[in-house]
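First chain A sits with chain B, and in the next complex the same chain sits with chain C.
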Partner chain A sequence: MAENKETKPKKEFSLREKLDEFSAWFKKFLLKIKFDVWKGWLYLLPCIGLLLVFTVWPIINTVRISFLEGYDSLGAIGGATFNVGVGNFTRVINAPRFLTCLKNTLILCVLTVPISTILALIIAVCLNAIKPLRRFLQTVFFLPYVTNSIAIGMVFAAMFKMVGSHFGTGNEYIQTAGIMNTILGVFGVKPVNWINEGSTYAANITVMVVYIVWNALPFKILILLGGLQSVNKQYYEAAKIDSTPRWRVFLRITVPLLSPMLVYVVITGFIGGFKEYSSIVGIFGEGMGAPGAKGSLNTMVGYIYDAISNTQYGIASAAALILFAIIFVVTMINLYVSKKKTHY
Partner chain B sequence: MEEKKNVLPEETSSEKATQAPETLVKGVMHEQNMQQVSTKQRIVKIAVQTGLYVFLGFMAIVVLFPFYWMLISSVKSMTEYEANPPTLWPKVFVFHNYVEAFNAANLGTLFGNTIYVGLISTGLSLIITVLSAFAFARLEFKGKNVLFGFLLATMMIPGELFTITNYQTVVDFGWLNTYTVLIVPFLVSVFYIYLLKQNFMQIPNELYLAAKVDGTTDFKYLWKVMIPLALPTLISITILKMMGAWNTYIWPKLVANDEAHRLITNGLRALSFTDEATQKTNIPVQMAAVTMVSTPLFLVFVFLRKYIMKGVSRSGIKG
Partner chain C sequence: MKVELKNLTKIFPSRNKKAGGEVVAVNDFTYVIPDGKLVGLLGPSGCGKSTTLYMISGLQQPTGGSIFFGDEDVTHLSAENRGIGLVFQNYALYPHLTVQQNILFPLQNLRGKDRMTKQAMLDRALEVAKLVQIDNLMDRKPNELSGGQQQRVAIARALVKMPRVLLLDEPLSNLDARLRLQTREEIRRIQKETGITTVFVTHDQEEAMSISDEIVVMKLGVVQQVGKPQEIYDNPVNLFVAKFLGTPPINVFNGKVEGGKLYIGAECVLTVKGVEDQEVTVAIRPEGFNLEENGPFTCQLSNVEVMGRDVSVVSKNDAADSPVIRSIVDADNKIDVSKAEVKFSLKPHKVFLFNKETEERIYFEV
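Entry: the complex of A and B
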C-alpha cells in the first residue's frame, strides 16, 4: 500500500513528462517534414482533388478521345483499340446537322451581340443622364437577370404563340394570334406565324433574337453603367465649355472611355452566344425547333449534348474542341482589335 | 473656384462650371440676348430630359411586359386566355390554376430536391472556396503562383468540354440518378476562389502575423477575422450559387432526370400541361407553374439585390 501511494504521483509526473516529450518530438517532426511548406497544399487538398477528377482529367481525356476514331466507351472497357486520327473531326465538319447547328449559332451570335450591346449602351447612357428614378429604373432593367431562362422562355413562347379555340360547335376552330401579334397589329403589322407549326426560319430566329437580347441586356447595362459612373467628369465639363453637340460627346468621349467595358461585354457576349442552348429549349422545347421542323434551331452545344446522349463520345469531344477553338479565336480577335482601339 | 468645387455638392458645381464660362464668353452681349440664350438652353434641357424619361419608360415597359403577361395569364381561365383579342386584365381570376399546376408538376418534390441540392452544394462549395482562397491569399508555399495561374487558365475552357468525360466518370462511379452527381462535380468554382482571394488580400497581413504571435490557430483566425471581414463576398457567392442550382438545366437532364431526383427547371420543361378535355397545352396552368418557379428568385432579388448586383458586376457569369 505504501509503495503504491508513493508511485502514483510519480507515475502521473512521468506521464506529463512523456506528453511534453511527445509534443516536443511532434513539433520537431512537423519541422522536419516542413509542415509549414505543406500546409498550403493541405488547405488546397479538397480543391485540387476535385479539380483533378472533374477538370484536369476531362481535358486530357476529351482531347484523347477526340483523336480516337470511332471511339465507344463499352468497347474501350472491353479492351478494344482505336485508330488514332482526325476522323472524328472530319466526320463532324462534314455532317450536315453540325453545319446547321454552326450556322444557327453564328447567326444568333452575329445578330444578338451587336443589338444587345448597342441597346444596353444607349440605355446605360440615358440612365446616367437622369437623376430622379435612376435607382428604380436600374433595378427594373436588372430584373430579367434573376430569371430562369427556361421558365421565362416559356412565357415568351406563350406571348408569340397562336392559340386555337373551340367555340361551342365542334368544327368551328378560331385562331387567336397571340398577344405579340395583337400588339403589332396596333401598329398595322399583319399577324405573323412566329413559332407555331409551319413558321418560317426567319420568324423563329426573330423570336430567339428578341428573347436573347431581352435576357442579355441586364448584365450589359450593369457593367456599362458601372463604367460610366467611374468616368472622370472633367472630360464632360470640357466638352460643355466647348459646347460640343451631344452625339459628338457620345462618340468622342463616352464610347472611347467606356471601351474597356465594351470589350468585356462584347467578349462575354460572344462566349455566351456560342454556348446558346437553354434559351432555345425554353421557347421551342427539347425538339429545338418549331413543331414539324425539329432540330432546325439546334446549336453547337445542343449538338454536343445530342452526341453524348447517343454515346458518340468521339464525335462529342471533337465538336467540343471545335467549339473551344472558335471561342478562343473569336476572343483573341476581339482582344487584338480592341488593343488597337481601346483607350485605357 | 477650384476650392469651392470641392466643398459644393456635385450637382451645383457642375452647373456653375457650365454657367461660368458662358458669362465670360458672352459677357459683351446684351443682357436680353443672354436671357434668350439661357431660356433656349433650358427648353432644350427639359426636352432632352423628357425624351430620356420617355425612352427609358418605354424600355422599362418592354422589359417588364413578359412578367406582367406571365402573372395575368396565370390567373386567366383557358377560354379567356384564348379570347381574341387577348384581354389585358383578367375578367375572372382563376386561382385554381395554381393548385392544378402544383399538383400536375409535382412541384413539392421538385422544390424539395432543388433546395436540398442547392443548400448542400452551396455549403460544401463555400468551405472549399474559403480554404483555397485562404491558402492562396495568406500562406506561402512552393508552386503557389503556378497553381493559381493554372486555375485561372481553366476558366477559359467552355464547360461543355468537361461534360463529356465527366459524364463517363459519373457513370463509372455509379452515380447516375443520385443527389451526389448533382452536387460533387461543380463544388470547385475557380472564379469564386479568385473573387474571395482578392477580398482576403485586402485584409492587412499584419493582422495575421499578430494573431500568429498570440498563438491563434489558422482556423480560429480564419473564422474570427477573415470570414467576418469578407462576409459581403461570401453572401454574393452563396446567392449566385443557389441561383445556379435553381436554374441549372443541361447537366441534371443528362445525369439525374428520374422522378425522385429531378430538379425544378427540368421538371418544368418536361411537363406538357396538356388540358385533358381539349388536348391542348393549358397555358394558364403552365404560366402558374412558371410563376411559382420564378417567385423565389424575385424574392431573393428584392431583398438581396445589392449582393447580387455586386457579385454579378465583378463576375459576369450567369447562374
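Entry: the complex of A and C
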C-alpha cells in the first residue's frame, strides 16, 4: 500500500493518511504474531482448505458413516439418530456378492501387476537399447496413456466380440468370429467365445488381463525408461570389459539399479489394480459381466458404486474402508519385501 | 604382454552436423608399449589420450591402424574378448554390490574351462584385495568408502581376472592432493608387484613423470614425443613439450641468434654454435638460471619466494612471453630484495631454442 503513495492524486489525501495509519498498524500486528510463520500458513490456506473439504472431511465422514447401523441419508437430514456398531462391516463381509467382487479384484491384481511390470521392463530395456525410431516408438507406447480408458475398452470389446445378426430373411444368419479370433485362427486356434453371451469366466478374465496389462504398460514403461536413462553408462562398459553375459547384465546390474523404480511401479500397480473398475465398464458395460452373467466380473470399487447408487451409504463406506485396509496391508508388505531387495 | 599400436587413427564425425567435416581425435599413432612397463599418456584435454586408451580397451573401434597384444592382432576383437582390465575415471563400481561382490563380479562371468570354484574365487578376490589393501572393507558398499578406497576397489576389480593389460583412465583426478600422492605410489607398487603392462591417462605432467616408465606426450591427436620422463624433460623436441612438462613452467622469451651468439633483448646471454642467424623462441627451465653479479642476463626483480630448500626468484623481462619469469636458485644465494635488478648467467643444457614458425627444436653446441 505504501508503494502507491506517489501515484495517487492529491485529492485523496485524507484517505491516504488513514490507509497509511492502517498499514503501519497492520505491519506492527504482523510482527507481533510472527508473520513469517503465518505467511507460510497463509500461502497454504487455499490448498489446505480444498483438501479439508474434499479429502479429509469425506474420509472422516466415511469412517463415521461406516459405523452407523442402518444409516440412511434422508433420515440423517431429518434428524434421525443411528446406533453405533459394526453391522455394516459384517453385512459386507457376509455378502456373497462382495466376495465375488473381492475374488475378481484379487485375480486381476495378481495376474496383471506382474505381467505388466515384466513386459514394461522388457520393452523399456529394448527401447533403451535402440537408437533409430526410439522417440517415435516411445510416443507410440505412450499413446494408450492419453486415451480414454472407456474408449479403449470399447475398441477392445469390438475386437474380441463375435458379431452375429439375422440378415434379411430368417435363414440368412451371418456370423463372424471377431478380429481377435480371426487373428488367432491364422495360428490354428479355434474361435473362442471371449465376451459374448455364454462366455466362460476364464475367457472373460483373459480379455480383462490383456486389456488391463495393455492399458497399464505406458506409465510403467515411462517410469522404467526414465530410470534406465539415468543409469550411468559406465556400469555397462565395465560389465562389457568383464565379459558379462547379457542375461547377467540384465539381472545383476539393470534390475538392481532399477529396483527403486520397479518398487514404485509395482506398488502403484497394486493400488491401481485394487481400484479396477472403469476397464470392466469399458469392455462389458455397466453390467459388469458378459450378457447373461451380469455382475460376474464386478470389482470392489464396482461394489461400492452399486451400494451408493442403492443409497446404502453405510454399506458403501464399510466396503471402502475394507478396500483401504487391503490396499494398506498389501502396500506395507510390498515395502517390507522391497526394503530388503532394493538398492537406493 | 607388449602392446603395439600401428598407425592408430580415430576420426569422429563433427558435432556440428550442418557444417559437416570431422574431428581427428587420434592421428597416426605408432608406438610399442613395452612388456611389463607403466606408460603414461599425457596431454591437455582433447588431445586424444583417452580415445587412445578406449581404443586399446576395445570400447571404441579405431578408424584406421591396428592394435597388437603381443603378436595377436586384437584390432577387431571386442572389449570382452581382449582380456583387459579398465579402471574408469569415476570407478564405475556397482553401487548395489559390496566390495567383495564387486571384485568377484568378473570372476563369476568366466565360463567353460576358466570357471573357478566358489572357494577359488573367494581366495582370488581376497588375494587381490590384500594387494590393494582393502581386505578389511570387503562387506562395505561403495558409497561407504572414501574416494581413495573406491579407487583401490576399482583397481582390484580390474586386476582380479589377471588382465593382459591394465588401463587406467585419469586414475587420480577424483582424489584430493594428499591422496593423489599416496595413490600414485600405490599404483606404481601394484604395477611392479603384478608386472602387468599398464597404460594410464593423465593431464597432470607431474603425475605422469613421477610414476611412469615411459610417457607419451600428445597434442590434438598427434604424438609429440615418447620417452623416459627425464629424457623428455631434458630434451623436449618442440616448444609444446617443453612448455607442458615441468613445474614451475618453463620461461619463454623472444630472442635471436646472430653470429653464434644468442640475444634476449639487447643482451648476449649465451654462445650458441652451429645455429644459423635467425629469430628464435628461447625457453629456459626455472633451474637453468645462476645468480651472478656480473651475469649477462638482466631482469627486473619483482620479489623472492622462499621455499626452504630453494628460493624462487620472480622477475620481469620485456622479451619474456609471460608477465613474470620464475627462476629457482639454491637458498644459499643471498639476494638483495631492495635492488631493482637481478643478473643471471644461464646453464646451457637448460636452455632450449625453437624455430619461431614451426616451434621445432633447434639444437646448438656450446
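In this section, the second predicted complex is superposed on the first by the 292 of 344 C-alpha atoms of A that agree within 3 Å, B and C clash if a C-alpha of one lies under 4 Å from a C-alpha of the other, contacts with A are read in each partner's own complex, and residues count from 1 in each chain.
What we mean here is this: a residue touches a chain if its C-beta (ideal position, glycine included) is under 8 Å from a C-beta of that chain, and two chains touch if they have at least 3 such contacts.
Please read all numbers here as calculations on a predicted model, not as lab measurements.
When the two structures are aligned on the shared chain, A:50 is found in touch with chain B, with no touch to chain C.
Residue contacts after overlaying the shared chain place A:202 against neither chain B nor chain C. In the superposition on chain A, contact of A:278 is made with chain B only, not with chain C. Touch criterion met: A:257 reaches chain C, while chain B stays clear of it.
By the document's definition of touching, both partners, chain B and chain C, reach A:241.
Residue contacts after overlaying the shared chain place A:39 against chain B, while chain C stays out of touching range.
In the superposed model, more residues of chain A are touched by B than by the other of chain B and chain C.
In the superposition on the C-alpha atoms of chain A, the part of chain A touched by chain B in one complex and by chain C in the other spans residues 237, 240-241. Chain B makes touch with chain A in their complex at residues 10-11, 14, 17-18, 21, 48-49, 52-53, 55-56, 59-60, 62-64, 66-67, 69-70, 73, 79, 81-86, 127-128, 131-132, 134-136, 139-142, 144, 147, 151, 154, 156-169, 171, 184-188, 193, 218, 243, 246-247, 249-250, 254, 264-265, 268-269, 278, 280, 283, 286-287, 290, 293-294, 297-298, 300-301, 305, 308-309, 312-313, 316, 318.
For chain C in complex with chain A, the residues that touch the partner chain are 57-59, 78-81, 84-86, 88, 90, 92, 94-97, 105-106, 108-109, 111, 157, 161. Note for the complex: chain A touches chain B at residues 36-41, 43-44, 46-48, 50-51, 53-55, 57-59, 61-62, 65, 73, 122-123, 126-127, 129-131, 133, 137, 139-152, 154-156, 158-159, 161, 163-166, 174, 176-179, 182, 214, 217, 219, 222-223, 226, 233, 237, 240-241, 246, 264, 268, 271-272, 274-275, 277-278, 281-282, 285-286, 301, 304-305, 308-309, 313, 316-317, 320-321, 323-324, 327-328, 331. Residues 232, 234-235, 237-245, 248, 252-253, 256-257, 259, 343 of chain A touch chain C in their complex.
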